[in-house]
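Next, two complexes with chain A in common: one pairs it with chain B, the other with chain C.
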Partner chain A sequence: MRSERCMQSALAAAAWISAAAAVLIFLFMAVLGWPLLGNGDLMQVLCGPWSPMHHQYGIRPMILGTLCIASLALALAVPVSLGCAVFIQVTAPKGLGRALHHLVRLMTGIPTVVYGFVGIFLLVPLVRNLSGHGAGLSILSAGLMLSLLIAPTMILFFVQGLAAVPQSHRQAACALGATPVQQLIYVLLPQARRTLLAGVVLGLGRAMGDTLIALMLAGNSVATPQSILDPTRTLTAHIALIIAADFESPEFRTLFICALILYLMTTLAVAVMRRLAAKPVEIP
Partner chain B sequence: MKMKRTCISILLLWFACGAAAAWAGDLDPFRDESGAIKISGGTAHIPVMKAAADLIMQLNPKIQISIAGGGSGVGIKQVGEGLVDIGNSGRKPTDEEIQKYGLVLHQWAIDGVAVVVHPQNPVKALTSEQLKAIYAGTMTNWKALGGPDKAINIYTRDEASGTREVFWEKALAKGEISPKALFVASNGAMKTAVAQDPNAIGYVSVGHIDDSVAAVALDGVAPTLENVKDGKYKIARGLFSNTKGAPQGLTKKFIDFIFSSQGRALIVEQGFIPVK
Partner chain C sequence: MRVAGQRAITAWSWISSLLLTGSVVTVVGFVLIKSLPVLHWRLIFGRTPPLEALWRWAPVTGGLWPAIGGTFFLVITAVGLALPFGLGAGIYLADCADGRLKRGLTLLFDVLAGVPSIVVGLFGFSLTIFLHRYLSARIYPSLLISALALAFLVLPYLIRGTQEALENLPNALRLIAPALGATRMQNIFRVLVPKALDGIAGGVLLSIGRCAEDTAVIMLTGAVASAGLPKSLLGSFEALPFYIYYISSQYRDPQELQQGYGAALILLLVCAVLLATSLILKNLLARRVRGW
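Take a look at the complex of A and B:
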């Protein structure tokens, strides 16, 4: 009995500590970014261009860059992952499905830098030659590679979600004469919705938080991108590139704002997805 | 280029055939040592640091030497904060930095910063004015310079880069750099990027130039070792290894080794000009 209570308080402490860490990190960034926030320069930082030579330290291009690359990666990865998960869990012959599942699990373990390398030597020249525009270091290159990075994680989540739908539900639909496609659309997907969305949230978080792929493949230029073939800089890559600047410099101080924005963006994305997942399922 | 390669192979051969014996004395101080040296900072320094570390660790496996990049800014900051033993920089640390961190500088080489393009690019000479116009983003096509009708892709380095600082001050006269410029994070990454992109222009440490990229003559002066040495090629800087206070123990031995005759041979081998 006593050991159980001990265990319980230990677990509660662990939960509290990790929750507190998240809040403390947020506060830490807010406090350190305060000189800029309090100065009324915030709007200039949020909306202006980045040009340290002219004393402009705006991070709008980086915010846009992060949004562009993350949403492109997600837009590419979600359909592919969903299709792949449905194939593994529903339509594939058993052996093949299991083999694919193993392969996907293996893919989640590939380090980011490997994707970055493959991207530089294969994808970037390809994008450059096919588009005939720019250096190939672009939103498209980074988005494509990033979608490959986040897809395995999402596939695993999706497979798990689909597998959790009780067999009897499918059988019932089958008995009513539903084709496999109808079963998928009317039974499996609505039932697995929460896990599917959780997978999407995880993928989005990873896409927004990833540094190396964007740093290696997106070109990191500070101009606001005009097209998907233009280079751009993400908030994470910006932090990585500026972190070595002098502590006292205004460049360095804007980093806390970058981190804060990144934090808020991820939180917002998670909140929106939660909201979507919480809505009751309508059976048509 | 071929000449350079032959020279290097002869040098290596000579090195392997017993010259090592004559130099063995320079490595002697490491024989009975053990411990670790942490090095970070300038990416131009890495080949020399690596070559020296390999020799030392081969002789005495009890010594661990780790070498990280990050750029000159990172090197100065990390050594100042005591995170590493040696912080390399491809520019002289500012008086403010020296004072704040109590840095002791050890300049062991002179290095040029050369403008590079893809080897297939016919443009092999530029004037300072043209270079400034390219980097400012006002000259955007290779055609105007006698090259193919292609847009120029400008590559530059991050804030922490000493190479960037020297290039910006001496080649661009602190001129504008276009916001469209692509950023890469090390001398090695710059070389890879330019070697891959036929329309690229970038700049690297002269020691990093090899067949994969073509150096561009600036105002008629080619960025060769000789021209850097004679002072004819102006875009040059010192390579520094900085320590917090006077170096002690193993760190001191490492720095002494860089300045020894064997260390200087390594510096020459990697394409830099040793000092003193």
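Take a look at the complex of A and C:
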């Protein structure tokens, strides 16, 4: 019986150590960013401009950049993703729907760096030529590519949400003479509303957390963008770009504030998503 | 609802699907077409004869071999580090924990799964500096640090994969062995885990794919543009995704750029095969369970 208890403790230890990992990352960032958080400079960091020459280390341009790119990607990806989910669940001829479902599953495996690479050599020249403005490294390029990255995650979530509506409800509508599209509008969408919303939140979390696409396609300028054809820098790209040798410099400290913001945003997204999705849904 | 509205919705779903399919085909097709001219042994082994490189570990210059090898060792180390914890935690969640405890732990694992990889990378980077200062001056950004940070990144995937595989087993199966007098651990390790093995393997393959494709973590924790095959755990290393990122901004001639396309194609294929196998394994389990 002793080995029995040993095994169980080992399993519990594995679980607790893994859970501690999530907390550990947060604590590390919080402790290292503390000097900036503690002495009241926080507002200056959050709202100021970034210009190391003048000893200004504000990250407002990066916060704006992240919000711009993530919301553009979301605005592009949500309608298409919902359309694809409807296609898979309702309007597709049987074989085609399954084929698209498989394709979407495989799409989740495409590395982000490949999206970035294709973006640089295919999308950026296209945006540059069509807009005739700047280098093509812009919010638009990054947003377009990013929408392709987050679409499969959302589609899989939407499909699960639509499929989770009890078959009997659909059959009842069918018996009343509703066509498949009418069933979708009056039964499926209203009932799956919360899961659909949860999927959008999940997509937003993914969009904010991605590094490579923004880093490679958004141009990384620290100026505040004026239009979607302007370059910008996201919080993630900001972290990736600075390799400061001096661990104590305020420049380096701001990275931990960026990381904390990202951590809190994605945690918030997870919390909202879990609240919205009533039944536990498999997060793709 | 009017017929016109219904038609519009149908049309919108078709257009969305075509748009998505078109975009994916464009992305994959672009990589494929651009890398066709370099699809040759030379892409991987450069001027070194392949057999020399494979059997005698002859140094390869001008090929992707060091990057492929680096990614290989990185993935083995990272998944090796994460596996015991991931499997243990997954089994614990599926068969030992319940109620509040289970909800709390799943919440933490979901949070961990949501942490952007660049944050994990920054964590690894600051951990290196911390260890360098307080533990040993020999610690620099290296293969081991990258693998450790990646292990944090894939932990939630391993846990979720294991937990799902076990929870998908039919309830009757869960009761048979205890009814015959088996203890809880005997039940888990002699009956449940062996039965869910293909599902668990699916989760492991999925996390291998995540490790192989991630760039943000390794670019902060020790990946470099040229290092040769990794010589030790504490040295810097090359990796396929980092190579692709590096080439995209630093290529010197069209030939190097073409090698970048070749690397993108290889990474794409590796990830696709891993993911497809993982899905097939999970499907296998689901189908067997339905058969019982």
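In the analysis below, the second predicted complex is superposed on the first by the 238 of 284 C-alpha atoms of A that agree within 3 Å, B and C clash if a C-alpha of one lies under 4 Å from a C-alpha of the other, contacts with A are read in each partner's own complex, and residues count from 1 in each chain.
We adopt the following convention: a contact is a pair of C-beta atoms (placed from the backbone, for glycine too) under 8 Å apart; a residue touches a chain by one contact, two chains touch by 3 or more.
Please read these numbers as outputs of a predicted model, since none were measured by experiment.
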Contacts of A:D210 with chain B and chain C, given as first, second, both or neither: second
Partner chain(s) touched by A:G134 [first = chain B, second = chain C, both, neither]: first
Greater chain A contact set [chain C / chain B]: C
Which superposed partner A:M7 touches (first chain B, second chain C, both, neither): second
Chain B versus chain C as contact partner of A:N220, first or second or both or neither: first
Which superposed partner A:R233 touches (first chain B, second chain C, both, neither): first
Which superposed partner A:M53 touches (first chain B, second chain C, both, neither): first
Touching partner for A:R274 - first (chain B), second (chain C), both, neither: second
Which superposed partner A:I120 touches (first chain B, second chain C, both, neither): both
Overlapping contact positions on chain A, where the chain C interface meets the chain B interface: 120-121, 240, 243, 247
Chain B partner contacts - residues on chain A that touch it in the complex: 49-53, 120-121, 124-125, 128, 133-137, 215, 219-223, 231, 233, 240-247, 251
Footprint of chain C on chain A - complex, ascending: 1, 3-4, 7-8, 10-15, 17-19, 21-23, 25, 28-29, 32, 79-84, 86-87, 90-92, 100, 103-118, 120-122, 148, 151, 155, 179, 181-182, 184-186, 205, 208-212, 216, 236, 239-240, 243, 247, 255-256, 259, 262-263, 266-267, 269-271, 274, 282-283
Residues on chain B engaged by chain A in the complex (per definition of touch): 70-71, 73-74, 77, 151, 153, 158-160, 176-185, 192-193, 196-197, 199-200
Touching residues (chain side chain C, partner chain A) in the complex: 1, 6, 9-10, 12-17, 19-21, 23-24, 26-28, 30-31, 34, 84-89, 91-93, 96-97, 105, 107-123, 126-127, 129, 152, 155-156, 159-160, 164, 183-185, 189, 209, 212-213, 215-216, 219-220, 241, 244-245, 248-249, 260-261, 264, 267-268, 271-272, 274-276, 279
